[in-house]
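Both complexes shown next keep subunit A, but they swap its partner, so subunit B is in the first and subunit C is in the second.
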Partner chain A sequence: MAGSRQPAAAGAAPPSRGRPPPGRRLAAWLSQERVFRLIPFIAVEAVFILVIIIPFILTIYISLLRWRANRPFEQANFSGFLNYGRVLGKDEFWMALGRTFYFAGAAVILELLIGFVLAYLLHRHFRGRRLYITIFLAPMMVVPVVVGYNFSMIYVDSGPLNEILAPFLEPFGIDPRIRWLSHPLAAQWAIILADVWQWTSLTFLIFLSGFAALPQQLVDAARVLGASPSQIFWRVHLPLLKPAIIIAVVIRSMEALKMFDPVVLLTFGGPGISTQTIAYYLWQEVWVFNKYSYGAAASILLLIFFAVFIFLGIWLLVRQRESVRRVDV
Partner chain B sequence: MAEIVLRDLVKHFGSAVAVAGVHLQIEDGEFLIMVGPSGCGKTTTLNMISGLETPTSGEIFIGDQVVNDLEPGERGLGMVFQDLALFPHMTVFENIAFGLRVKKTEEAEVERRVRAAADAMHIGALLDKRPSECSGGEAQRVALARTIVNDPSVFLMDEPLSSLDAKLRLDMRTELKHLHHRLRATFVYVTHDQAEAMTMADRIVVMEGGRIEQVGAPLEIYRRPASRFVAGFFGVPTMNFLEGEVAAGAGDGLEFRSTRVVQPLSASTPAAVAGSAATLGVRAEHVRLAPSDDGAGRVTLTEPLGDETLVFFEFGGSAPLVAKVDPDSPLGPGDPVAFDFDRDWCHLFDPESGARLN
Partner chain C sequence: MKRCFMQAAAATAAAALAIPALAAEVLPGATVAERALNGAKEYIEKHGLENPKLTMLLSSLYRNSMPDFTREWTELTGVEIENVPLGYTDIPAKVMAEATAKTGVYDIFNDFPYSMPDAVGAGVVVPLDEYAERGQPDFSGTAPGLRFQQYYQGSLYNMVLDGDHIILVLRKDLVENPAVIEDYRAKFGKAPGCPETMAEWEEMAAYFNTGEGETRWGMTFDKPLYGAVAYRSINFSYRHFPAYLGGLMFDADMNPTINTPNGVRAIKQFASIVRYMPPDVQGWGTPQIYPFWRTGNAFSAMSFPSIVGNANSSPDSVVKGKQLACTIPKVDVGGGEMVSRAPQAAGTGYMVSRYGKHPELAYYFIQWFTSESVGDRAIAHPKGFWDPFRTSNLTNEAITARFGRQFLDTTMENSKNAVSLLLLEGNYEYFNILDKHLASVMNANITAAEAAALIEKGWNDVTEDIGRDYQVAAWRSGVESGIYLDKFE
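Showing the complex of A and B:
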């Protein structure tokens, strides 16, 4: 049998051809398995290097120079860590940083709490649920400039917010004409509330998807075992939602620490410097005073501070999650 | 006292009727299995007993008490779920202790009872692990331990073995039966696997379309199915069915006539069915085959199972028949065979309603 197949196999051999043209040879080479699977990787790496690595290295380089943008770059000279020292020694930097943590902390805590409560109320199916979800998600989709404009109208001394508050404040002898944008403390909370209004939608969305992913059978099991609704909330819902909480905290903290739009749109950092966040402070140093190398050094320092802060936050939350597992129910 | 009575239980989901009037009495200490295809209403019925679903109408008694308005945790039940529903963020110990701790049981008592339940289920070494670190069988035991630790008088089980592999499922069947003997509690078990129902139950409830088709002991259901649905649902391979009519036979008795088949029926067949169309049902073990050159059948396929062999054969009817024969039978595909049915085990069903006629 094997012998009879031999001539047929030899007859089926393809006839030899000449070398294909270079274009087809390149296409054939690219379509090889070992080459083809690297193409997306190389594309992503190239974008990563162009968009992140090169500007990052450039920022470090500029931070080590002494240079203002209103002078030719050729006159910039190497100054070592001088800019870093100046940033760290500047009170305004630390005050702006402290204010940023205060704004971000207050805003993120409120956004988490309100978003969680709304998601808890809406995670069960009932008539009109979709309408409520759409309404609560809408603020996230509004352009920040529009949010700033709207809130500047709301915060006017004789505006709607003071009108609404007046009946509650006047009986206690409090002047209902709160100067939302010109009193330091009120202006700070005006900015925090605008941020909370816009970004609670995001935490609501994260928690809503977290609730949707909770297996109903776990809740059923807890009910059959005799757990009350509050026990189910604290011992089943909350621990299982920890991943969603961590995601919400990280995403919102990262964004809130860069708070800039409401400051520009509502107060321009004022009154005085009472609402200057670190992003606003940096913008002013770089774009108003042209202190590029100072700004670059401050950016690098902020990157380090924020990274440490975010990772510390994640570590604390994860550690707390571990302890929740061990806590007596 | 853990007798359960379901009185005219109905459940609607919108316009869909999931349970359409179930009336059932479950005795104290009984192992009752509800079986049926997907969507037959068995899980909904179980969920209404547990309190996870509210009946649209009807009453549920546990002991002497109507429990319709009681929360699941107030009914004194234990439940094992289809995917076990172990809390993934807790250790095995915390899972088992959950029911005791939500009832504010003293910690020393919790410790003692959790260890006793774990030892009873042979999972004492797993107490510090998480459910994700347990194998399928271990997780099954954890779910059982979490239930028995609360000492319920009724165990509800919703297809608890469906996620296990075939071997483990067989082992767990035996174990569940032992557990029932040991605890003497009432077990209400839901499955779509007729083999599970046959092997474990004291009584089986067969459901279809939200209604109970038949209630009875496993062998009673196997031997005297109340309807064509029950007859087809129980038994491997599926019962043979032939469409035809019942007529007066050569002697005093009746016979069933179909294409190429004339089957005498037992003397106990009621005379009233004579002259009416009927479906004849006969199980594979009641089909007798013999090699015969002038036989009406021809073997198309054989399936050796070890202890017996299934022989599928054509006979000119609308569908092939199957017979169980001795594993040493020489029959093979293409062999001509003669066949007849054991008249005492011929089941007659109404072709319209499917109800049993004999």
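Showing the complex of A and C:
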């Protein structure tokens, strides 16, 4: 037995002389150039797979099941494209989608116009400019819940907005008590206006940056050549601001198409379904009616619709940049 | 043969003797609350628990009142209860998320009784019958429409402490004003008072509806006096509509009864009175209706019963002591048959999570809290929103002091006609279909008949989607239990 112990004792060499401990070996392996350069890539890919790919695949899988959450998931069964067919055949889905584009379109146009005018007025230096910029940027920083609550108070039948409008409406025989939250059309505009109030700040900020980046020498050159202020605006400012305009359109459209907060906070989709946006419709189908599979199918379809829309915007943006680059060259 | 017979007889006798022994042993205690306390103590001892803790998903309405009772329970049993307040509109989604996630983070769910069917279907709550067999809660003194809403498909799942069946309130100062009485009598041949029928209520609303600046009964109205105020918005209309329908929403085979002469009449009547309400009413929920009623700018309100206590206790109220509570007026459901139905429009109950750590211990808290001796104190709690609903409330001095005798008598009378809202899986979808079409009628976008046809189609689609046979079984079970008071013809 003693003899058998001897070789083992001889073999137990101090760590420093033989192979390094596993931790050090791992560190050495990781520090190799061919391995180290892959670490960030693997980390990013892992996050991408965990946060995007797996939930996305799961959503597709759930969309192919017949499952409402009021039954255990174990009882769900495969239903193919049944949910997709149901979504596409549902009037409310299309109405909500159409309404979303209408809200987003109206809101984004107003935000662009107002934001542009404000930025144009404030792009030159004058006393108190910073104060105005701060004030115009403030709405964007207000929590949407607070915006919704404030507007719900403003829109009350006997609230401040109607009080302000009364002197202008009454001479024309129009009832000054506009039912901002209970008349279908007024409620739609109540939501659009709340969105405009909050997000014009963003377009203002984008345009202000755009104006700040305008090459002054082009403006000076135009002025030297005898261009009027109007010609300078239409022929110099506006063409050069096109990338900023497209950025504002794309960013705000992406957000406005997801319009949810003002709908929940002001009208809950009502009266009837007149202010139901697609985001609200989906929330209701999934979280109120427990139709998880239906909601998953609708989400996938929306992803496709919106992706087409957004890609179109990005394509315009890229094309515009390329044309500007060509002019520069 | 004889021996075999003797053996069989002995076995039968032994089995017969053993049955009571096998049946659940009733917990010691003279009252419901005592038995619950003893049950909790026994459970803690049996499982050797140290500092046990339960978590309750609590409707945020009770965040200022429930802690008084959970603290008391902790002092009595050593069981700590953490309250997680959440808006009531978000609770069902949380419950259903728990059904999928199975985290066990909640032991008790506090929500409306009509959230129960989906929770049961998803398997996230446990039946309480076995625990109740030992704890012996007492549901006597509670009207059938309220008592049986605690059950789904024959099993006890939810214990309710709230009589939130809707009520009608009139302005007492107006109906008792001599000038009003004289004028009203001249017009209608009788003094104003609680209306017998919905049609009469609308007639009264029309009579009392007064424009801004008008002078009537020797008074000048600086602001308009609206004839009525009631819930007419999405997420609220469905809670009131059963009062107008006055019967079952489906027949025995789950075919909707809305697209019938009675259904169309109910829709018309529901929408018709809106013209005497504030123009914004279709966007109003409780945060708007309660303060509006307190301003005194309406003659009548159909609402949750807590509107009376709220208007009596709010410092800004101008109708304090000027309220006359009435039972829900009757409707003509056809052939001259007059029916009054007071839907349990909200009301909070308590369910036990299947995935909680100690379902039995959670049950004992619920039994203790909903018992007469504790529950009555909760109803009397000045910061609570629990409403009176059982006979023991009538004799409770604190409850009488808080709500007033006239209201208490009326709400107890009203509870005899209390009916549950639709206790079926997918009910929120049925409700939504009803609400949005009622809104379309109120906005004159479609007629009542068109709305009835659309609601019928929508309801049938939901029934088919969930499974007609399944829904029919649940529906029949509910009707037979008496939660809707009406039975199949």
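FYI, the second predicted complex is superposed on the first by the 291 of 329 C-alpha atoms of A that agree within 3 Å, B and C clash if a C-alpha of one lies under 4 Å from a C-alpha of the other, contacts with A are read in each partner's own complex, and residues count from 1 in each chain.
Here is the rule we use: contacts are C-beta pairs under 8 Å (C-beta built on N, C-alpha and C of every residue); 3 or more make two chains touch, one makes a residue touch a chain.
Everything numeric in this text was worked out from a predicted model, so none of it was measured.
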item	value
Touched partner set for A:157, first subunit B, second subunit C, both or neither	second
Which of subunit B and subunit C A:231 touches, first, second, both or neither	first
Touched partner set for A:71, first subunit B, second subunit C, both or neither	second
Contacts of A:239 with subunit B and subunit C, given as first, second, both or neither	first
First, second, both or neither for A:218, with subunit B first and subunit C second	first
Superposition-derived comparison: subunit B or subunit C, residues of subunit A touched	C
Partner chain(s) touched by A:284 [first = subunit B, second = subunit C, both, neither]	second
Which of subunit B and subunit C A:273 touches, first, second, both or neither	second
Subunit A-facing residues of subunit C, complex	92-93, 96, 99-100, 117-119, 121-123, 233-235, 278-283, 425-426, 428-429, 432, 435-437, 439-440, 442-443, 445, 465-466
Of subunit A, residues touching subunit C in the complex	68-73, 156-157, 177, 179-184, 187, 267-273, 284, 287-291
Of all residues in subunit A, those that touch subunit B in their complex	215, 217-218, 220-228, 231, 235-236, 239-240, 242, 321, 324-325, 328-329
Partner subunit A, residues of subunit B touching it in the complex	50-52, 71-74, 77-79, 81-83, 85, 87-91, 94, 97-99, 101-103, 107, 146, 150, 156
